Structure formats: C-alpha cells, structure tokens
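Below: a set of structures, written as structure tokens.
Common to both upcoming complexes is chain A, partnered first by chain B, then by chain C.
This part shows the complex of A and B:
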C-alpha cells in the first residue's frame, strides 16, 4: 500500500465513532437509494407491462395515419407474406392483428356508440390480457360466430346480459351500411372508465366480414420480450415491412405518452428526495473530513515540513474521503443488493383500498422490485462523486497550509 | 563555504496594523559539521530564525541560502524537495505522525525520497538500534514515552542523510536525564556522520555542550562564540 493510501486509511479510523457514524449514514443512504430506485424500476416496468398487456402491445404496426385518425381508411394488409415477416421478426414474442371500427349498438330501444375491436381469439390472448378481463360468460371465439363481448359499463347501460342479442350498425370499409345481430357471449371489466362505457370485442373474422375488410387489419399489436426491447423490434419491423405500403410502426412510449409522462414525474419526485438524501450524506462526509483536517492542522504542517508536497497532502485528504465513502458504499451495496433481489423474487401483494386503487388503473395489485445494473453503478458513481465534491474544500485547505502556520497552530 | 547562510534577514509580523519585528537583520553562516545553539530569552526570535533557515517561512527582507541556493527563488514544490533531501527537523513537541509506527515514522522521509523498501528497512532498523529503540520499532507514538518519541524524531531527522538538522528546543519537554542522553546521542551522530546541527534552546546543558553558541536578543545576534 502506498504511503498516501496508508496514511489516509489509518486516518479514517483515528476517530472510530465519528467514522462509524458517517459510514452508517452512507450505508443508510445507499440502501435507501438502491431500494427505492429498484422499487420505482419495478413499479414502472409493471405499469408498462400491464399497460401494454391491456391493449396496445409493446409495438403497434398500422397504416400511415391510423394513429391520428383511427378510421378504416388506414390499414395494413396482413397477407401470408406479412404474417411470415411478423413470425420471423427478431425479438417478437407474439403478435395479433386487429380491426377497429365504430358503430351504434342497440338493444330494443336503447342504443350506444361503441368502439368495436375485432381480435383473433387465438392470437390476442398471447399479446394482451383482454380475454382475462372477462367477468361473466366467455371471450370471443371462432366457434361462436357473431358473438360479442361487452365492457361492463356498456352492458349495464344497455341492460344487456350474456345471451342477449344486440343490433350493431356501422359503415363498412366499402362505405356501404353495415348491420347485423350479435349475441352477447361475455362481459368484461376495463379499468379505463371511458373505455368501459363504450367498448366491445368481436372476433377478427366477424369484424373483417362485418366491415368488408378482406385481409386487412387496422393495426397489428406486437409483444416484445420486454419494454426495453421495443425500439429494436420496431426498427426491425419497420425495415422488413417497408416498401409494400406505407406503415407506421410505433413503440409503447409513443402509443401511451401519458404513461411516459407519469413515469417521468414519478421518477422526478423520487430523484428529488434521493438528491436531498445524498446531499445530506455529502455534508456528513464534508463535516467528517473538515473536522479531521482542522484537528490535524499541526500534523499536516509536519508532513509539509518533512517534504511531502502540497499535492500529496491534497491526495491524502482526498483518499480519506473516498475511503470513507467507499466503505459506506460497499457495506451499503452488500446490504441493499440481496435485499432488493429478495424483494424481486417476493413481490408484495397489495390489499384493501390500495389494491382496489391499483386495479382501477388496470394494474395487478402487487409491488415489484427490479434491480437493473445501472442502479448500483449509478449509486456508486453518485456517492463517490459526492464524496469527491465534499472532500475538495478540506483537501485544498490542507494542501494550501504553510508548514510554519500549521506548526504554530497549537 | 557555508552550508546554510542568512544574509540581512528580517522577519516582521503584522497583527491588526501593529508591526512586530521578530528577526532584525541577522547574518549567520553555518559551516559543515558544526554543532551550534541559538539561545536567548523567550521571544528573542530563535524559533522564527530557525523556521526561516529551515525553509518553513519566508523572510520579510534578506536572503537565506542553503547549499548555495537562494530559498526565496524556489517554488513551494522545490522547497518541499529541498526540505526532504537536505534538511532534518526535530520539534519541541516531537511531532511524530501518530498513525504510523516508530519504524514507519523513520521510513517516512526515505519513502518520500524514493529509497527502495529493502534499504529503508535496513536503514530504519539500524538507526532505531542506534537511538536505542530497536524493540520499540512497531510501537505507535502514543505507546511511547516523551523521551522515546523524541529519539524517534531524531532518528527520523537524520535517516534521510540531510545536510543540516534543525532542532527547535528538542529537550524542552524532557527530564534532565533523558535530555542529557538525547543530547549525547546527537553529539555522537554529529561526530560520526558529520551532520550539521543547529539548535534553538533555553537549556543550559545544551548550551554548554555546543561547540558554537549564538546568543539572540530582540531579533539580533548579540554574541557568536566558537570553541577553540
């Protein structure tokens, strides 16, 4: 160990109580930072996952202009070649074509405006959780033609129940009137209240037949391995599907900008608290090192008198600060990482009002943690950075001292 | 040729607009191998002059030359190098580094000088044996008596083979027996290694044993006597 390191390391332990308190504060801060950053990462990942599984998918492919207009005029043709492209695309876990149309759904004398989504009964459950949201009856299937699943508030408003026959009226892609009778096969709960009032699902085959849509689809929802893989999957699909007809490929963050904003605000609030915590730790380190320097004015003067260069004195004080923060950081990570990994494997189930509120937003009522490599790396850089910043003033003060002043100080 | 020389050195301190002259036009030249004491009443400027000669402080006027180099012309880094290689210090309060053992304190200067680890160990063991502290090598300063600490300080001052050792009241905190033994040790080192010693002291025993005695009064040299 070099002379500077040896001096610094031993000086750190000269006042074990003060050092212990500073280290304890650093450990506490590191554990909190790692824990809360992992909690936010888990929460946000779960929110994204639940949101994409609710309907959009990680990536959506549609005809140009569809996301702005959402009419039957914008479409993608899902022929065998396109199907093969989706099947062969890298990072695609599942995909499901959909047809979205709007119409009037009536029962006896009551009628409501509805968004009718045509889904592939086999592919859709692989991409979204729509089928799992059925509370009564069943999801649409290819075995029951002209079956319709209603969102719960829509069913209530129409006074419709499973087995009732409803009349759907709309306009086909060919601009002709489209109308037919559909039998309610199920009622599902949609977390979004507005959507729950005006949403219904039929099978893709029925939708294509009803809207005279051929092999077209309004959009194709794609499930990637995870949200972070979405940009890569989108880029791959964009280059594969380019050429035939103009398509618009969007990732979840562009499909749900309000979710991105929520995550941003949530992160901002959390990081503000963590910054305050880290600043407090920084002042703790500054206090410890400054006190150590002031207490050792004479000793530092002796070091200078004996021939230690001012820059070396600066380094000794700096190394002390980094050693102090380093020990706290190491102990903090040793505690925090297993703790977070344990919680990652043991999500906490929410109960009561908390669970109800979570479910209202379409999320599973569980708290999850996610330890991303950037979390401990970022914490390490932050704490060491704060220690480096905190040590600067005491180190400069120590290095600028004249040996004669230091020797005269006691 | 003088090894260390002060020419017309003044040191004036200013406190709240009041000027105090601590050293007032001192001319002093030390020849190689001399064993010299600066003595005089408290406040006569002994420690200030020692600090100026030891490149720890800068004169207000005048020059200090060490081995022919004008200290006033050197940067703080160059002065640090000069102190490291050419000067040894012994302080009244010992001023050992408390987190280092006796051996590490002695090796400290050599480590800064870049002496290889093996040589450092051999030289520090030898010098600690010479000052009678071989068995205390692994003790830290707080585990040693004042006399033992000052002997480690002497070992630290001379182990780097400096041209001059400056000692500021080295026996002030020691009992007479320990002080006498320490002084004998330094005389022996002076005789055997030829290191030049300059002391500031009140101690009559030290004054008596020195071969050159410089009396300071009010910042001026009042008398400068050499033994025949």
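This part shows the complex of A and C:
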C-alpha cells in the first residue's frame, strides 16, 4: 500500500462518528438508487413483454403504410412462398398472420364499434397470449365457423354471453357492405381498459371470408427468441421478403412508440429524483472532507514542510474521499443487491384501486424487480463520481496551503 | 392490565406536560435564540455547504414534483376540458350501462330549469352519446358518436377551440367534426363524405351520410381517434330518439364548486336523475392524483433522510469543537435542558435557512419554467396519456407543506443526538478538554 493510501485510510477513521454518519448517508442513497432503478427496470421490462405478448409480437410484417393507417387497404399476401420464407427465417420462434378490421357489433338494441382481429387458431397461441386470456368459453377454432370471442368489458356493455348471436356490420375490402351473424364462443380479459371495451377476435378464415380478403393478411406477427433479437430477425425478414410487394417490417419499439416514450418519461422522472438524492449525499461528503482538511491545516502544513509534494497531498485528500464513499457504496450494494434479488423472486401483487390504475395503463397489476448488471455498475460510477467531484475543492485547498501559514495557524 | 395502561397513560401525560414546559421555557428564552443563531454562522463555510445541500435538495425535489404534477394536472384538465365537464346528469342506470336505453326523455328540460337557477353554473349543454361506426370510401373505424348543440358545447369543452382544419359545426346541415388522427386513418379531409352508422333506439341499424366540416386536435389522442361530433338534432334523428338526450354536461364557475353544485342539483332533481361530479365520473384519474399526493411525501422523506445525516454531522462537529465552551456554560449554571434546547434550536435554524434558500431557488426555477417545458419529442406518448406537448409545473400546497413538515421533523431528530451528547458533558471534564 502506498503512502498516500495509508495516510488516507487512517484519516478516514480518525473521526469514526463523522465517518459513520457520512457512510450511513451513502448507504441509504445506494440502497434507494439500486432498489428504485431495479423496480423501474422490472416494470418496464414487464410492460414491453406484456405488450409484445398481448398483441404485437417482437416483429411485425405488413404492407407499406399499414402501421400508420391500419386499414384493409394495406396488406401482405401470405402465399406458400411467403410462408416458406417465414418458416426458414433465422431467429423466428413462431409467426401468425392476422386480419384487422373495424365494425359495428350489435346485440338487439345495443351496439359498439369494435376492432375485429382475425387470427389463425393454431398459430396465434404460439405468438401471443390472446388464447390464454379467455375467461369463459373457448378461443376461436376452425371447427366452429362464425365464432367470435369478445373482450370482457365489451361483452358486459353489450350484455352478451357465450352462446349469444351477434350481428357484425362493416365494410369489406371490396368496399361493399359486409354483415353477418356471429356466435359468441368465448369472453377474454384484456388488461388494457380501452382495448377491453372495443376488441373482438374471430378466426382468420372467417375474417378473410367476411372482409373478402383472399389470401391476404393485414400483418404477420413474429415472435423472436427475445426482445433483443428482434432487430436481427427484422433485418433478415426484410431482405427475404423484399420483392414484388413493398412491405414494412417493424420491431416492437417502432410498433409501440408510445410505450417507448412512456418508458423514457418514466425513467426521466425517476432519475431526476435519484440525482437530487445523490447530490444531497455529495454535499455531505464535501462537508466531511472539507472539515477533515480544515481541522488538519497544521498537520498538512507539516507534511508539506517535510517535503511531501502538493500533488501527493491532493491525492491523499482525494483517496480519503473515495475511500469514504467506497465503503458506503460497498455496504450499500451488500444490502441492496440481496434485497432486490429477493424481490425479483417475489413479485408483489397489487390490489384494489392501485390494481385498477395499473390496468388503466394496460398492465397487469403486479410489481416486479429486475436487477440488470448496469444498475450496480452505474450506481458505483455515480457515487464514486460524486465523491470525486466533492473532494475537488477540499483537495485543492489542502494542496495549495503554504507550509509557513499552515504552521502558524492554530 | 388496566392499572398498567393507566400508569402508562399517566406517564405519557406527565412526559407530555414536561416536554410542553420545556418547549415553553425554550421558546421564551431569548438569550438561547440569540446564541443559537450566532452559533449557526460561526463556521460560515460549513453552514454554507449544509444550507446549499438543503436548498438544492428542496428545490430539486419540489421542482421535479411540480413538473410531474403539472403532467397529472393536465391529464385531469384534459379530461374535464375535452369531455367530462365538471358535473354530468344522466338517467339512472346510465353509468353502469351507457346505452340508449338510459336516456333523459324530456330532453333534459327538468335539469335545464334547475341548472339555470343555480348561481355556480357557468354553462350547461345537452348531449347524445352512442357507439357507432364511421365509414369513408377507403376505410372504416369504430367511434363514439356525440351529438351536441354547437354553441352551448363551445362554452364547456375545448373542441371548438381545437380546430386544425375546416370549421366548427355551424350553418350547413349534416356536417361532422372528426379528430385529425381519425381523418388520417380514414383518408378524408374537410368536405369529404363519410357515413356514420349506429344502432338506433329500436335496435335497427341506422346510417346517414355526412360531410366533414372540420378536423380537431386535442391533447387526448384517444379522443382524436374515436370521437365524432354531429349536431344534436341530427343525432337524435339518426338514432330515432325524438327529443331525448343521454346527458347534460355542466361547467361550474369554479372547479371547487363541482361537489356543491352536484349535491344541490341532485336534491332538486330527485331520483329521476343521476348527478355526478367529474371525480365520480373518472375515479381512476382521481386515484392517480391521490396516489401522486402520497408519492410526494415519500419523495420528500427520502430526500430529507439523506439530508439528516449531513445535518447531524455538522451539529455533531459543532458540538465537539465547542466542548470546552459548553463546559463553561454548564459550570456557570446553564442546565442540561437548556443545552439540549440550544443545540436543537441551532439545528432548526440551520434547516430553516436551508428551507428559505430552497424555496427561493424553487421560485427562481418556477419563474424560468413559467412558459412550460416543451416535450414535443415525446408528444405521442404524452398525448396517449391525455397530456399536451408543453408541461407547466404546478405547485400544490403539499409541495410547500411537505418540505416544511419533513424538514422540521428532520431538524429535531438530527439535532437530538448532538444535543444529548452536549448536555451530558460533565463541566469538569469539558473544561479539561482543549
């Protein structure tokens, strides 16, 4: 251990009470930072995963302009050649073609405007969790033609139950009126409240028949191995599918820009508060080091008079500050990491109004934590950085002292 | 059991009386105040650092809460200004099942008479609400059809002020107003023809062609995508409603009057009408606001706990370097209570100076941000939440109250240990101390 380190370490413990309080403040800040960053990471990852699995998939392929307009006018043709392209694409875990249309669904005197999604009964469950969301009855299947699955609030509002016959009215791809009777085969719970009020699922075959859509699809949803693999999968599909028809291949973050922006804003709000917390702790370190330097004016003067270079004095003070923060940081991480890991294994289910509020944002009412490696690393860099900033003024002050003045003081 | 409880209570009472007496004694002790205030400034640099820390912490926390609350506040404002109004009157049952079955058959006349007599009412308007489908030559979409009296509605909601193309509903017959977002989806512009279909009151499918009079854009993307306005009489005709309406929407002169207004209106209309305030109509929004209020306390508590260590540290240092001085004071007759009072007062002064500086800094921040923060880069995500592109910080009473309360508690607690340490010193030992 070099001289500076030995001096610094000894200095840190010269006033254990003061050091203890400063370390306690650092520990408090580190625990809060790690805990809240992990909570936000868990929340955001869950939001993305929920959204991807609820509807969009990791990657979606559609006709050019579909994502802006979402009308029947934009489509991709899903012929055997295209099917082969999806089956052969690298990183694709599953894929499912869909048809999305809008219509008026009525039961006796009640009617609601709905988004009607036509899905392949076999393929869709491999990509999204729609089929698992059925609470009563069953998901659509190819064995029960003209079956429809209603979102729960839509079913409530229409007063419809499994077995009821509903009238669906819309406009076909050919621009003629389209209408037919559908039998409710199931009711599903959609976490997003707005969607839960206005969403219904029919089979792909029925949708193509109803909207006179041939072998077209509005989009093909693709499940990749995970969210991080999405860009690669998208690039692969883009190069294989580029041909006669212009297609638009998008990854989840571009399918749901609102979600990405929400996450950004949420992060911004949280980091703003954490930065304030860390700054407050930084001032605490500054004060401790400043006091430590000022009460040692004479001692530092002696060191300088004995020939210690000003730079060495500067380093001693610096190391002192870093050691102080470092001990707090270590203790903080030792406390925070097991805490967060425990919460990672024990998600907290929300109840009552809080659950209702999270559902308003389309999320399941569960709080989860996720410790990403960047979290403790970032915390370490931040705390040490703040300690380095805080030590600058006291260190300069210590190094600049003139031995003669210093020895005369006190 | 009972005896013990009584003893504890008596003890508490004694303790309470004791501390009240001590506080009273300290409060009257002018010399103590003067000494404490002078002590705060004995080490200007050290005090400066703590005061800066408190000021930056408070200003940062209060400002960031004000900005975030500005967002929440806008969500509420948007909901009220685009759709909710302050109070709504429906037929009983409408809230559970918002269909045409639950309607005000008299066209809201009874409610209107009552509303015209109430002084808190700024404006009111009848509406018809139905779920429907809009079809353009290129596409179709599910919609919320709202039939309004254009002039009256303009006094309540912002749609008339939010036109981005064309004109608000006036003059020509069979016109609709649609949101810019919906127009983009349907590929229509001002003057285009669209068909609005809905199920009428008898359960028959009814459709009618309209021309787009104008396009609006509000802070709520949800509304822009789904809400279509037509004239009240045309809506009633389309849905075969006669003169019945779905609701009366009321704007109060002041939002705070909403509850009184609703209560009074409810009394006058009796059981034939269901009168609700915006808080009852949007319970989740209210919950969100309440949750935010609770969050504010947690945030301030976290920031102040971090500060408490620093404050305790400074006081402790101040006490230790004055060991001799305190010994002198004790030996010339100052009792332990007064020493505790002295150090506690120092702590309180220190925090109060920090608070003052913090609020000054907050004021400066609010002044600099008075025109709002432009977040148009994240506009889509904001609009999906019903928040516009520019956010103006909103300071609530809680943002002033919470820091003051938490700071005072922090000052008392952080000062406690140093204060007790100081009071315990034996005068003889202290005097021997350098």
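Note that the second predicted complex is superposed on the first by the 339 of 410 C-alpha atoms of A that agree within 3 Å, B and C clash if a C-alpha of one lies under 4 Å from a C-alpha of the other, contacts with A are read in each partner's own complex, and residues count from 1 in each chain.
We adopt the following convention: a residue touches a chain if its C-beta (ideal position, glycine included) is under 8 Å from a C-beta of that chain, and two chains touch if they have at least 3 such contacts.
Every value quoted in this text rests on a predicted model; they were computed, and no experiment measured them.
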item	value
First, second, both or neither for A:401, with chain B first and chain C second	neither
Larger contact residue set on chain A - chain B or chain C	C
Chain B versus chain C as contact partner of A:91, first or second or both or neither	neither
Partner chain(s) touched by A:7 [first = chain B, second = chain C, both, neither]	first
Which of chain B and chain C A:309 touches, first, second, both or neither	first
First (chain B), second (chain C), both or neither touched by A:299	first
Shared chain A contacts, counted only where both chain B and chain C touch the same residue	none
Residue ranges of chain A in contact with chain C within the complex	17-18, 21-22, 24-25, 28-29, 32, 68-73, 101-104, 106, 108-115, 157, 159, 167, 169-171, 175, 194, 198, 257-262, 264-265, 269, 272-273, 275-277, 279-281, 283-284, 286-288, 290-291, 294, 353-354, 356-357, 360
Residues of chain B that touch chain A when the two form their complex	51, 54, 56-57, 76-77, 80-81, 83-85, 89, 91, 93, 95, 97-100, 104, 108-109, 111-113, 156
For the chain A and chain B complex, residues of the former touching the latter	3, 6-7, 10-11, 14, 298-299, 302-311, 402-404, 407, 410
In the complex, chain C residues that touch chain A	45-46, 49-50, 52-53, 56-57, 60-61, 64, 68, 97-101, 130-133, 135, 137-144, 184-185, 187, 197-199, 201-203, 205, 222, 226, 283-284, 287-288, 291, 299, 302-303, 305-307, 309-310, 312-314, 316-317, 375, 378, 380-382, 384-385
